[in-house]
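In what follows, subunit A forms one complex with subunit B and a second complex with subunit C.
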Partner chain A sequence: MARYIIRRLFTMVITMLVVSIVIFAVVEIAPGNVARNILGAYATPEQEKSMENQLGLDRPVATRYISWLFGSDWQAERKIGRPLKEIVIQQGIVERFRQWWAVDEDGSLVRWGIQDGQLYKYIRQPDGSTVGVPDEGAWRTDESGIQYFWGVDNANRAALWIKGQGGVEYRYEYSGWRKSENAPVDYIPLTKGLLRGDAGVSLRYRAPVSELIASRLKNSGILAALAFLVSIPLGLLLGLLAGLNEGKPADRILSLFGLVTTASPDFATGIFLIMIFSLWLKVLPGATVFASQTAILDNPKMLVLPVLTASLVEMGYILRITRASVVEVVQSNYVRTAVLKGLSRTQVVLRHVLRNSLLAPITVIMLHVNWLIGGLVVVESVFGYPGLGNFILNAALYKDVYAIEAASMFLILLAVGTQLIADIIYSFLNPRVRYA
Partner chain B sequence: MAVESTFIRITPAQLRWRRFKEGVGLIFSSPTAVLGLAIVLIWVFIAIFAPYLTQYTPYEQDYKNVNKGPSPQHILGTDHLGRDVWARVAFGARTILLLAPISVGVAFLLGMILGLPAGYFGGWVDEVVMRILDSIMAFPTILLYMIIISAVGASPVNVVIAIAIGGAPGIARLIRALTLDIRTREYIAAARLRGDRPVHIMFREILPNCRGPLIVDLLLRIGYAAFYIGTLGFLGLGLPPPTPDWGGMVQEGHKFMTTNVWPVLSATVAIVTLVVGLNLFADGLREETMRYQ
Partner chain C sequence: MSEKKLHPIIQEAQEQLRNGRISRRDFIRISTLLGMSAVSAAALAACAPKETATPAPATSAPAATETPVPPTATSAPAATPTPAGMPVRGGTLKASTRVERVDHPARFSLVSQSHAWRHVFEYLTYIDAKGIVHPYLLESWEASDDLLTWKLNLRKGIKFNNGKELTADDVVFNFNQWLDVNVGSSLLGQMSYLDASGVEKVDDYTVVLHLKSPSITVPYDMYHYGALIVPKEFEGDITRQPIGTGAFTMAEYVPGERCRLVRREGYWRNGVDGKPLPYLDEIIMVQLGEDPTAGLSALKTGEVDTVIEPPVTVWQGIKDDPNFVIISTPTSATRVLRVRVDQEPWTDNRVRLALKHCHNREKILALALMGEGTIGNDSHVAPAHPEYCPVEPFPYDPEKAKALLAEAGYPDGLDVTLTVVSDWPESMAYAQALKEDAAPAGFRITLNTMPASQFWDGWTEWNMSITWWAHRPLAIMTLPLAYISRDGQPVPWNESRWVDAEFEQLLQEALRTLDLEKRREIMCKLETIQKERGSICTPFFMNVWTIHSKKVHDVPPSPEEYVVYYETWKEA
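Our next item is the complex of A and B:
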């Protein structure tokens, strides 16, 4: 058993590694470059080039991939020669941001910049302000006599300055473009890497992606849990009913219902429900508008239609599997024996059919997380529900690359993880699988 | 004529005709498949004769009638730009009925290229191919499409590429499983002994014998492809705006549903009937072939 789990864990790691390569390749290397996606169509080539340099996009692909996954701070530390530290600054209740600083010999946090052609060191004070002191002695000289310096700049990047040879930097800020001369000529954006919990900063919300994901995950979790709560019992019950009445009108109607709900796209189901319940009967709201991201449960009426949409699709699916499983069990020899033995119909159904036919649907439901995630994206988009699915859709529409990468890695890990757990549970129930 | 052969000679053409008759017979022995086929054929008819079924083009704007319900001039009303809804539905059938089979065709090519060698050679080829397929299958389908489309942009070609990449692993797995079974047969051993090259054996001996289950699977996949083309359109990741696309019509009309439900209702009914029809057809056919065996 231990060997089986280890083998499965190993394949899962390989799968996730390939997944990360695929995501990285599709999002960052494929045509349509990241800098242009961020800047929009009206940036000049110089601005685009400067942006690419600042984002580290001019580095080799392998280096970028490693930085994304494992971080770039250790690469930068080697160049700067000082340890780097990330601190979190809290502003008010919600607004938080992260800053990178170098740790100086005396333990103070420092950054650098060029002021009037001179290198300045900015020392962070306990109250958050900085004091600048000239740091001309820090320049280093290479073989050809060029004076250079690697340090941390004021935008969370390791930067390379070369004396007397300032680069031109275009920075895109809230107010618009800011051009500065005497800027660094090369950059390494500092990140801890996805595996160390740093998913980068969202280009759209300008907030750490990991925090954006966390707040929406709860909302999606509530929606998914409620949908499961409605669809699993109902789906099993209706599937059992259909399977026991195979070929009769009840089965025909239920089977058709199952086929129609699973075959129709989720958005169509949602639209029909909105038309019936909110436009025609006017009993439920057709969109979810919450006072705040966290106030989902304050207005349960708004949850009804999203939950109903998500569960209808899921229910049809469970119904179809349960029906197939029940039909198979009913035709088995042990059920025939039980009937011939003279057991009552209730006893046969409860003791023989039900127990044996539930195994298949329950394992399939656990394998179904993957599919549910896709469904949530659509359902959340139909109702404007503030969940993770809607978040990732908007990230895709606005090309918020770091948000897409992090959110998809997270969702796939979730899907692969539950699949692994389902497989392990199943192998406990069915020893044949273990030795396959 | 001294000796008359006791065998009945069948020419390849006759064989093909027989197989065709068997296939048609299979469809007609399942009421579900017939119903599904009928629905699909109605849409195919609408798609082919779209220009004759409406006096408008899907792009023409009637500025005096914007967002109106059904009227004698516009049988299904007009959308928020004053375009005729029926014209857009009819021409939208062309879009989806063209893109769905094409993307399944591309997926089939990809799946064939990956699945045949994996099953035939086994060993490390199989191991590498299967790990890649597992990784792509680990993606929730819609997520995979979203990532691809957001990276390469929304266009008909890109939608086809995305759906083909999403569908290929399933087809590859099926072909691999069938190949694993077929490669142990005697006629494969015979082909090897005659010195046929592996490529020849894979494409001329194994592939044609995968036909039965493969056709049913591909038919089911056309249904899924239509499902996802609609969904991508609804999510705003489908075909770029002026193109008549059912999913896109729902996306656009969604905002105006309280004033005029007709664009949304028509497009939703269209996509549901087509996808359910395709599913009924493929499902009925699958059940019938299972009974047949």
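Our next item is the complex of A and C:
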């Protein structure tokens, strides 16, 4: 058993690596220039080139892939010769952001910049301000006698300055375009890499992608978990009832119910439910208004209709699959044998029918975990629910590349992970799978 | 105010008012534009029907020396009918809108980016629902006779929410930001009459603008949605420095999800109860996604009190519901179908004319807006503009269009791709109606639909597309944004690249003409030029709605769809 699981885990890692290469390649190769997307239509070629340099888009694809996955700080540390450190800064109540600093010999956090043609070292003070001191001694000389210096600049990048040879930098950060001469000539954007939890900064929201996804995932997770809690037990139970009563009125009604709920699209179901429960009976809110971070706790009633919409569709599927599976198992030889040898009906159902007919529904359920977390776009749109599905849709529409990359990696991990869990449950239910 | 101190154009306008050539509303609009307070302008207008030879009575208060008392809600900016009963203090207003990622207010490119921030920051002036401009952070302004020098007098004692007083230095800083090409503000095009060197600080409360060319739109331009006044220490990102003079502070701002504004103490304006505004304790704005259904059901079930910038679907869902207040206001907002005149096939004016003849305007208005709008004549001048000249649009004539296309070298018709935003139902309805109606003439239109976000990424680049244009109170404010050139290049927002020497010259003239009748004459020519050889089709101008629950009171309707909840209150 352990060997089986380890083998599966290993396959999973390989799958994820291949997938990451594919995702990276697709996003990189896809038409649309990242720099131009950020800059808009009026950027000049020089501005575009400068932006590509600043984003590290001019580095080799393999280097960028490795940085995206494993981070670039260790690469930069080698060039700078000092350890680097990322700190989180909370400014006001509105925004949180991260900053990269180099750690100096005495433990203080430092950055560099050029001021009046001289290299300056900026030392971070405890209150967040910086004190600049000339650092002309830090220049290094290469074989051809050029003086250069690798340091950290004030925009979370490792930067290469060359004495007397300023690059031209166009920065689109604060008050629009800021052109500066004497700028670094090369950059390495600093990141910890996806595997270390840093998925980059969203181009659209200018906030760390991992934080954005985490907050959306929490919302989607709650919705999906509740939908599962409602739909799985009910679906299995009703499916079992229908299957055991094949052809009787109970089966007919339940089968019809399952057919109707799976056949009606979720946006229609959602709108019907809003019309009935919100507009006509006026008992439930018709939209999920997240007025605060804790809105779900403050007003749990607003989750009822989205959960119901998602579970109705899901429940119909589970019901129909379970019913079909139960009908098949009931007709099998071993069930007949069990009945003939005198076991009670309860024992037959619990020990023989249930266990064998669960295989098919579990496949469906596990495949749907993924769908429920990332694929509830329609339900989320109808109720205005800030979930992951909506987030990915918008990220794709706005070409927010880092968000797309991170979110798709996450969803694939979820798909592969749930499949692994499904396989493990299988192997418990059906020992034959273990040796297949 | 003695008569000789009245601006000569005010006297002229009064003459016109007496002769019935302009309406009372137009008179008030002109007078207040030139620095007379609305109250005294109304007093002056009241004198008009009398047969007196000397029009200005000594009783009218001079606007230039208004006392610097903070106005109460009923005096300066409030123009809304106050319902019976005193406003109730406290409570939370919930609104559905978009919460966008923003940085510099001057770089706002959509009204929706400004809704939340208008409660933290304020404008120098204020335009009410009737199109009359009032001083706001300014106490008054005075224009020179040649309209080249504008003296702005700042109200004293206004404090930012960090305790610092608003002074002329801050105002000068803001003008410099708007006029800095590196900031990239649309105000740069709007204030084409001004250079940063022409902004002069006289003393702590006085700023003088020295214009390059005369303009009458100065007070209007200061109410552009991006012209929010920031302190001079501003570094370019309001989410990092939410320091304004407004009545609320930003407590939480999560782009794409929500923001929360909290009442601040020490705001400079008082409510009708004599205590400082605002009445509300808190405003929460939530983004319910791209689908308007969520907004409608949230409104219907009372989850939100109002939907900001309600789309037609929300109006439809609410219009027969007695629990809501709906105010319908005609505007100059429209969906402009524009074609790139520097690209085939639109370089030939006959093709553009053919397209204009393919518009069945009544049908488009009915389909796109359910009749809630006014008909346009393919110029960017709306009937809602005071200077509008009634120029008849081309009738629907596919035969004529076919002939024009044949003349232009397309006897078998031609294929064109129309880029439309799928999120804007009126654009979609317009595009579909046009696709059908233009087919007999030989236009084979392929619709290229996309979400708004993707569209805006390259909105000036499409060959043929329908662009969302916001309302502007005067036509001469829109035209210089999109239909002129600067230094030989089309201005940044000139999405069709259409440049016409005669049009530009006439427009410059219109910009110098305060006299409404004379300006209307120029407008006739401008509209005709745009209709006959311009690059746009404007089959309709839209009405906008202010929609909110009956529990909410004193939401000022605004053709600009600027939301201002300073004087809004909610029944407990």
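What to note about this one:
As a working rule, the second predicted complex is superposed on the first by the 338 of 436 C-alpha atoms of A that agree within 3 Å, B and C clash if a C-alpha of one lies under 4 Å from a C-alpha of the other, contacts with A are read in each partner's own complex, and residues count from 1 in each chain.
In the analysis below, a residue touches a chain if its C-beta (ideal position, glycine included) is under 8 Å from a C-beta of that chain, and two chains touch if they have at least 3 such contacts.
Not measured: the values here are computed from a predicted model.
When the two complexes are overlaid on their common chain A, residue A:P265 makes contact with subunit B while staying clear of subunit C.
Once chain A of one complex is fitted onto chain A of the other, the partner contacts of A:G247 are absent, as it touches neither subunit B nor subunit C. Judged by the touch definition given at the top, the superposed model places A:T11 against subunit B, while subunit C stays out of reach. By the touch criterion defined above, A:N370 lies against subunit B but remains apart from subunit C after alignment on the C-alpha atoms of chain A. When both complexes are overlaid on chain A, the residue A:M302 reaches subunit C alone and has no touch with subunit B.
When the two structures are aligned on the shared chain, A:G145 is found in touch with neither subunit B nor subunit C. Of the two partner chains placed by superposition, only subunit C is touched by A:P386; subunit B is not. Of the two partner chains placed around the shared chain by superposition, subunit B is the only one that A:I23 touches, whereas subunit C remains out of contact.
When the shared chain is aligned, subunit C comes close enough to touch A:R204, but subunit B does not.
Across the superposed pair, subunit B and subunit C both touch subunit A at residues 271, 274, 279, 286, 381-382, 397, 399. By the touch rule above, subunit C contacts subunit A in their complex via residues 92, 94, 96, 101, 103-104, 107, 177, 180, 182-184, 235-237, 239-242, 250-253, 255-258, 260, 284, 286-291, 293-295, 297-298, 300-301, 303-304, 451, 453-454, 457-461, 492.
Against subunit B, the residues of subunit A that register as touching in their complex are 11, 14-16, 18-19, 22-23, 26-27, 30-32, 259-260, 263-268, 271-272, 274-275, 279, 286, 370-371, 373-374, 377-378, 381-382, 392-393, 395-397, 399, 404, 408, 411-412, 415-416, 419. Looking at the complex, you find that subunit B touches subunit A at residues 131-132, 134-136, 138-143, 146-153, 223, 227, 230-231, 234-237, 247, 250, 254, 257-258, 261, 264-265, 268, 271-272, 275-276, 278-280, 283. Chain contact summary for the complex, subunit A toward subunit C: residues 37, 40-42, 91-95, 173-179, 204-207, 271, 274, 278-279, 282, 284-292, 302, 380-386, 390-391, 394, 397-399.
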